[in-house]
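After this come two complexes, each holding subunit A, first together with subunit B and then together with subunit C.
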Partner chain A sequence: MVDLDAGTLTTRELNLKIKALAANGAEEIRVLNPQARHNLAVSVLAPCDITFEGSVGYFCASLMDGPRVTIRGNAGWALGDNLMGGTIVATGSVGAAVGSTMRGGEIFVGGNAGARAGISMKGGTLIVAGSVGFMSGFMMQKGRIIVCGDVGDGLGDSMYEGTIYAAANIESLGNDAIFDRISEEELISIWETLEGYGIKEQYQFRKIVSAKKLYHFDALERLEKTVI
Partner chain B sequence: MCGVCGILYKNRGDGARAPIGADLTSMLASMVHRGADSTGVTVAGQSRQSDLIVRVWAEDDADGQQALGKVEANLEANGARVKARSRVGDYLRVSVDYQGDVQKLADALVDMDGLVIHSIGECSEVIKDVGTAGDLDTRHNLGRLRGTHGIGHVRLATESRVDISHSHPFWAYPYSDVTVVHNGQLTNYHKLKRKYEDMGYRFQTENDSELIAVFLADKLALGATLSEALHDALGTLDGTFTFLVSTRDGLGYAKDQWSAKPLVTMETDDVIAMASEEVALRSVFREEIERVEPQENEVMTWSI
Partner chain C sequence: MVRDSSQIWTPSVIQDIHAKSDLGRYRVRGFSTFQRVPHFDDLVFLSTGLTRFPLEGYKEKCETRTVIGKRFASEPLVLDTPIYISGMSYGALSRTAKTALARGSAMVGSSTCTGDGGMLQEEREGARRLIYQILPSRYGLNPHHIQQADALEIVVGQGAKPGTGGLLMGVKVLDDVADMRDLPKAIDQRSPTRHPDWLGPDDLSIKIEQLREATDWRIPIHVKLPACRVKDDVKLAAKAGADAIVVDGMQAGTGASAEVLLDHSGIPTIAAIAQARDALREIGLYGEVSLIASGGIRSGADAAKALALGADAVAIGLAALIALNCNRAVEGVDFEKEVGVPAGQCHHCHTGKCPVGITTQDPELEKRLDVESGAERVANFINSMTMEMALLTRSLGKANVHSLEPEDLAALTIEASAMAQIPLAGTDRVFGR
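Our next item is the complex of A and B:
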């Protein structure tokens, strides 16, 4: 276990230290006094355990591939932005755009998430134990979003692919998002995933997918037609 | 991008004053990355006297001394009795005993060449300047100001020029004690500004955020509660915004229909605090906090 005191380091110094430790095979890194600062543990590309003893700011653990990050507190906007692989666990609540454009890995939020959770997701799994804000899953292209609490307006608006599972009240579905039948196997798989995070309740999830009515990939622009 | 923050100490009816100036300074300093063009605060509840505190900025008067004399003479000529005055460079602060219509006093002052009113109020004062929170604190000694509540702003200018008058907070001409800080852009600003000018309102700047202050004060003057005025704002203002308003008795916020601009709030037994980012709250409250992120079309108010 290596302790780093964020209070005594600039963000760049801290991130360089974390990356160097991870690259040199450190197994556990603990960051003290993060004080909700931005851009912590960005672009760490080797497997290791990183624990933040307190809240973090924007873009924490973004562009990351490999580590297991635990945040004992809250996170700001865009936690795990463009996550490639690895896992992120935040025990508190997180801001808007958690898991935006993530391509792989898993993010678990113990509290609530803000607006636009999982916006433009391209893979991986985003799990929120509490509620998510409006326009969550906007334009998602792949992956899973699992929400145990309430969901705001416009869920899954303009999603291309991927699946959203919601257990509680959904304020409204977004454009082109529809409910689909959920299979027993899917439910069991979600319950198993949640159990890994200590959630034993077997919620009855509803499944939301794209109706694909907005697909116009073969339609040509008027100008293109005249050229042909 | 801009940063906003606000703080209100509860249960201060007994007259005990809290370190509003110091709190706002730390919160704004921690959000310098959200804007370093200008910084400003409203500190409210410094005194509970019936005096009016007039804060003006003399644009063309480098040392302010000459302007101070003219401002005092103008105030006296309009029925206000000057009780105290002070000056930091070209910033003038005059405390007056005045029972009349604030608009009359404001019109008389704003008609003076190069004079901009930053605030008129019985209990709240606006202090703003170009530069960072550190600059503002050094120049105006913000840290010593105590009160019951206040709001602050760091600005990264997008729609109007960078100068002292286009800095936040904006005072709602000509109402006492209504000021606003805003993060965002209003898209129906010009249309609404013309409407309010037709109604007789005067605007001191070309900043869209000034309109929010005037809009809210107009509603309050017509008898709306602060919460009702903020709900009206959601229905009327178009664009992106998270704005905070400070009045004689409290604070409020409103957030646009897209939840485009950030805000987090926290509450303890003693205090309500809010800011664009948690990092600002943590600059005052070092221990871990429970914070709430307000969502789209949301309004909230608190009273001292």
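Our next item is the complex of A and C:
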């Protein structure tokens, strides 16, 4: 275990140290006093365990591939932005755009998430134990969003593919998002996933998918017609 | 004078109404605006006489080396010419076209740019310098590719379609284009226009810091703006920490855009450059933040005028495609039969049926473009442009293209004078000042 005190380092110095430690095979890195600073642990591309002892700002653990990150606190906007692989756990609540454009890996939020959770997601799994804000899953392309609490307006607006599971009140579905039948196997798989994060309650989830009505323009000019 | 037809209800207006009454939606097309707007042709250079001495046009050295993004980046983009190839996606363009552009740009010591949809390995390998775009869609965005980039460009918007995201008709969203973008095959892809993870300029500054941290403050971060409210936008982008700002005028090209945006939004490139220059001056960052101009640049003369107005470099898109053979009646290709118009009038990039294999995903059409000879034509063209710039610069008595200045220009029309803030030829008067 290597301890880094963010209170004595600039963001630049801290990130350089984290990346160097990860590249050299350090297994566990603990960051003390993160001071809710933006852009911590950005683009760490080697596997390792990183724990933040406190809240972090925007873009924490973004553009990342491999590590396991734990935040003992809250996080600002775009936690895990464009995550490729690895896992992120925030014990508290997170701001807007958690998991924006993530392509793989898993993010777990112990508290609530702000607006636009999982926006333009392209893969992976985003789990929120609490509630999420408006326009979550907007233009989602692939992957899974699991929300145990309430959901704001416009859920899954213009989503292409991917699946959203929501257990409590949904303010409204977005354009082209529809409810679909959830299978017993899917429910069991979600419960198992949640159990891994210590959630034992067997929520009755509803499943939301794309109606696929926005895939095409209603009409095409002669030369625009697709070949398949 | 008696005219024989209406100047308002022209044949093309009538045809447009017919098309829309059949279609029931806005029309989409490629190429660029069809509007006549003040352009570089409305400016001329004031070469030497007795007040200035020319350099020998064919012999004396004229520097064209260009450094972009030295504000914060420890490794700015160093190019042998101030002309590079702008972002055009793999998807809008064929793999062959992307590879040819990359190799052509490398042959002249310049750069190309990924565009939307991710980085092609052939493009990375073929290019000497490669700018990696970060767009609202984030299609194919990969942190490992960020590490391979020579500069990053955050796209706020583009001149051909300000205020909207990318557009790629289903005919082009096939196989690996769909896979790279994580999209279902054959959908009419209408991309987001707002970035998913930041909204205003304050967030943008944090986004820029994120990309700097991801690249260890090594490479420049550009911000590309559609030319609309240029003065305010340029100031905000500069304050957010951009190393370089690209202003993309309304004459910019595109593979597909709603026609209504192409023709009715944005301002002309000459006006955009003048405004961007003044904006940077007003906040004391002119010369520190690099200014890149794009939108309708077709020749060394256009590029030289852009530099004289205040740009550090120019990006070419459509001109590079034309160098690749766009709209050229090459042997065995029948434009009339394939796209319904003769070579020279084609603007059908969005249909995916490009008769010369540039803006298509059809493997048979793609075969019509040869990478090696295409790369050579692109290199020849950029070389010709660079030589034209150098010739004009020497004729003005200067030994470095970056010494060109507004003082070297005169405007041919009142509109161009007002937009570019250049005196009208034969007068001392700058209109609109």
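Basically, the second predicted complex is superposed on the first by the 216 of 228 C-alpha atoms of A that agree within 3 Å, B and C clash if a C-alpha of one lies under 4 Å from a C-alpha of the other, contacts with A are read in each partner's own complex, and residues count from 1 in each chain.
Rule of thumb we're sticking to: contacts are C-beta pairs under 8 Å (C-beta built on N, C-alpha and C of every residue); 3 or more make two chains touch, one makes a residue touch a chain.
The shown structure was predicted, so the numbers you read here are calculated from the model rather than taken from an experiment.
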{"item": "First (subunit B), second (subunit C), both or neither touched by A:Ser120", "value": "second"}
{"item": "First, second, both or neither for A:Phe134, with subunit B first and subunit C second", "value": "first"}
{"item": "Touched partner set for A:Arg103, first subunit B, second subunit C, both or neither", "value": "second"}
{"item": "Which superposed partner A:Gly95 touches (first subunit B, second subunit C, both, neither)", "value": "first"}
{"item": "Per-residue touch tally on subunit A - higher for subunit B or for subunit C", "value": "C"}
{"item": "First (subunit B), second (subunit C), both or neither touched by A:Val42", "value": "second"}
{"item": "First, second, both or neither for A:Arg12, with subunit B first and subunit C second", "value": "second"}
{"item": "Partner chain(s) touched by A:Ser55 [first = subunit B, second = subunit C, both, neither]", "value": "first"}
{"item": "Touched partner set for A:Met1, first subunit B, second subunit C, both or neither", "value": "neither"}
{"item": "Overlap of the subunit B and subunit C footprints on subunit A, listed as residue numbers", "value": "38, 57-58, 77, 116"}
{"item": "Footprint of subunit A on subunit B - complex, ascending", "value": "33, 259, 262, 264, 277-279, 281-283, 286, 288-293, 295-296"}
{"item": "Touch list for subunit A against partner subunit B, complex", "value": "35-38, 54-55, 57-58, 73-74, 76-77, 92-93, 95-96, 112, 114-116, 133-134, 152-153"}
{"item": "Subunit A-touching residues of subunit C, taken from the complex the two chains share", "value": "19, 22-25, 27-28, 137-138, 141-144, 146-147, 169-171, 174, 181-188, 192, 196-198, 203, 206-207, 209-210, 213-217, 339-340, 348, 350-353, 362"}
{"item": "In the complex with subunit C, residue positions of subunit A that touch it", "value": "11-12, 15-16, 38-39, 42-43, 45, 57-59, 62-65, 77-78, 81-82, 84, 97, 100-101, 103, 116, 119-120, 122-123, 138-139, 141-142, 160-161, 212, 215-221, 223-228"}
